[in-house]
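One chain, subunit A, appears in both complexes that follow, with subunit B as partner in the first and subunit C in the second.
The block that comes next holds the complex of A and B.
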């Protein structure tokens, strides 16, 4: 390996806030020796374990599947664990880290995701299956599975939710994460209640609130496109009875092989 | 000092991965609705979600194209054609994989329940990949002699975890996200409840219950290079042990052959299941030497030892010679994008290698804990080698040891075990409650004891950083209690663990506050690592044979005469582990021990 990753010291500027002791958030600088391959999460870990144990953030898997460590890094929402530190160091040799915006801060980078999970529950994330359960699996085509691919990749990290300008103004909005989940159920041939789901998401707090600003797409660390899912839901909401009929028809054949 | 309320549920479950969530869901489904699940992280952050390659069950959906041999391309089995797989075969593969240390009655239950549990996942909305005719897609995995890894691309654990969490919510299970359990209350061999910190407030509560179940996961974080999440600190295992419950077969730790070089992050076994090669610095597919039949799809213990041998003999790759190449280029762009998208992202993100264009540097990584809290096939925890139950206490998943994996687990059997035995524990708990289980009284104030313990930690003016102690432990475990072990190194390892246990008394918690104190949690976790590492090392020292993942260079042969038995460790009066042994359940007529060759 070449030597272009030679160690140097960078400034990690962290937004600190503990509501028990601080009147308002403030910035605190830490110096970290940047090692080859270091991620932003590695830098935070170094600070927390060797310099200041009060610096607080969530983390677990460290490879972008658990969704714990979404935070605001140099002005954008992303995961700390798969963001290389060296890509984030500015010309002033600094990386700036804070909590996800628009959410109450519990401590430092730890935010209160209560409304986020409430909206997730609101769209009934579970499948509502048909009455007739086969002995083996329901048959689904590869294309039907592919249509759900994006939505099932979502790790519920909240990066999209807290980048959404509508959420910034109105916490009653269902939000991109939950709408993406709803999309996944609405499109699943095994789900029996697409019309009811569409009715829920096309109400006052639902898909029509989206201003298609695309922040959620930019923020998503998994490269997903909630805006497109929301637009699909809008279109389907217009013809939900038709979809419901098509679904009932499809469900008559859920136990049969997909034709070649 | 009543500064916190006492919380009461019929059932308390600790851990919200597949095992815990299945147990919670199944209990509620059976009509016992008062279920509380405590998890130190949000349920959807659980490490079950990181599992990639698949979940085993002999569904018989695919087979090698006839005439192409056992490693040929796969196709869906036409309706009415001869089947290639069976539960019997799955059972044999698992027993052989376990190096005959797995209990065959438990393995039989697992492979039979497997089929039903996969269909239940599917009926609950899990989005599996599919064959052209719409059945669940299957791929090959190491040590399995038929393609029986049912998968959802390379994020199988993720979709299973989300599905079961949704179902638990649907059934009205109450979740306590970010509650950290500190203590298990057992009196007169019957469970009474737990003590837990509400992480948000820092308040410590007593939670009383008629039944408690642990699905707290594995202990891979005791090692330096590991695929495990930060969270996998074996808390449940250590807490149970401290409460007088034994641990079983703790010396068996699986090293996965393909952790990302220097990071340890998992590159799914599906990479090899789909046809990837392992290459040394001379460009040789060295598995030819070690497992000429199964090659890269030999079981993990064997492949990891082969890699380590190549590395030790100077045929490793990268500057320090500590790597091996995982070569997937011949699979082609399309297959990699369709079947292994997450794996590709991981390689790009962390070692800046795109597997489509270049081989990926990997190395063995501590991955799975075969040992844990001993249970029967209903998840009922047992107190000793004769199987006396700890009344009201259940465990399942990686925290438990049934034992289906014995000395070495096969890939895709972990998601299966967590699901099957999580569900079985749920059914057993529901029956226990419906059978009239009582809320048993608690002596004294266990929450106050935990408050005192926390206060002592916070007030300790110590000079040692917790992280330094933890790092030294991990380096020690990897170096001296890793893939290859011998008496000399294990003695060094044990001395080191004892030294670090002493030094921990001088540990300093930097964050003195009560709100979301993750510094305190990391300290408690480090204490747990030190607790069970002693049991791992001592168990490994005692076991003077090589079996599965436990490989003693000074005792290179399996010794069925003396060691065809489970290790049981209790915490003794002096705080040191006391060992006894338990017979393995074997069906001598069907699956007698054989030489293990691949």
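The block that comes next holds the complex of A and C.
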């Protein structure tokens, strides 16, 4: 067995906070025996099961698809379930875990995501189809599908939202997660109201509030690029009527075969 | 959106004006010389250039400050008042600065 896989004990430092009993958050250390292939979430399970049942965190799928276990690990937002523990161990043999920043803490790593979901619903992330829906199917070109694909893989974990410095200052900002979804719908040829969407996101608390700090890109566990989406929305917002006309024209041919 | 556009357009204009300013004021053969400055500030063409420079500097600075201040949630609710304050400050500073530039006469 190589040294990398050798079992050793690491110190997991967890930020603890219970608003009912604690005045302010504090750090608590736990010793965990690192096993091969162990993730940060596995370490938390180990602590909760064998050492301290009061440690609280969200988790569900363990396959980086539900987005429940987004946390602040060693100073960056990521998913605990797909972060190998050995990659996070510092030279002091510690791993520091805390809740997502800028969000009210309910307990330990569990945060209140109310504003996150409110802003998400605000951009109407669902498809608004045209009045004359094709009898069989919408036909989209490869390029049109490709343009949406990245945004579709967002798992709504909140890592980008809580890494955004603007969110830290102003919870009324729509946020990178919702703007990424809005971008997806604006570019979707099946959607019938891109101009209305662009009007919503180009308000005082929309795309123009982004400072292009790129924190959202760094944080995204799926490698998505919300900043690029926001930049695209900014550009499209300047010519939304043209986009609306082009969309209406495109939708006249949505049920026709795509030329090769 | 308008604030964002104003800041971007003024940034482009400032690139031009700052380039002229740096070349004319700081780099040889136009090194800092009080006599040359007096001669330049006397010229109506340079007065117009300086007033335009002032206009874009004010526009860029005030829109930038407005956007940074309204990033704060506590100030966000007062953005209309802040916008009017920026307009008043901008107009006052522009007229004061323009009058100073235009009225400049070199000492005989």
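Simple rule for what comes next: the second predicted complex is superposed on the first by the 256 of 260 C-alpha atoms of A that agree within 3 Å, B and C clash if a C-alpha of one lies under 4 Å from a C-alpha of the other, contacts with A are read in each partner's own complex, and residues count from 1 in each chain.
Quick note on the criterion: a contact is a pair of C-beta atoms (placed from the backbone, for glycine too) under 8 Å apart; a residue touches a chain by one contact, two chains touch by 3 or more.
In this text, all values refer to a predicted model and were calculated from it rather than measured experimentally.
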{"item": "Fit or clash between subunit C and subunit B when superposed on subunit A", "value": "fit"}
{"item": "Partner chain in contact with A:65 - subunit B first, subunit C second, else both or neither", "value": "first"}
{"item": "Touched partner set for A:258, first subunit B, second subunit C, both or neither", "value": "first"}
{"item": "Touched subunit A residues, subunit B compared with subunit C", "value": "B"}
{"item": "Touching partner for A:114 - first (subunit B), second (subunit C), both, neither", "value": "neither"}
{"item": "Contacts of A:54 with subunit B and subunit C, given as first, second, both or neither", "value": "first"}
{"item": "Partner chain(s) touched by A:31 [first = subunit B, second = subunit C, both, neither]", "value": "neither"}
{"item": "Which superposed partner A:237 touches (first subunit B, second subunit C, both, neither)", "value": "second"}
{"item": "Which of subunit B and subunit C A:212 touches, first, second, both or neither", "value": "neither"}
{"item": "CA minimum distance (subunit B, subunit C), superposed complexes, angstrom", "value": "27"}
{"item": "On subunit A, the residue positions that both subunit B and subunit C contact, one per complex", "value": "none"}
{"item": "Complex interface listing, subunit A residues touching subunit B", "value": "1, 18-21, 37, 39, 48-50, 52-54, 56-68, 82, 84, 106-107, 110, 113, 121, 124-127, 129, 133, 135-142, 145, 148-149, 152-153, 155-156, 184-185, 188, 190-191, 257-258, 260"}
{"item": "Touch list for subunit A against partner subunit C, complex", "value": "166, 169-172, 202, 204-205, 208-209, 234, 237-238"}
{"item": "Partner subunit A, residues of subunit B touching it in the complex", "value": "41-42, 44-47, 49-50, 59, 79, 118-119, 122-125, 127-130, 132-136, 152-153, 155, 158-159, 162-163, 166-167, 169-170, 200, 229-231, 262-263, 265-266, 318-319, 342, 345-346, 349-351, 465-467, 509-511, 513-519, 522"}
{"item": "Parts of subunit C lying in touch with subunit A, wherever the complex brings them together", "value": "1, 3-5, 67, 70-73, 76, 79"}
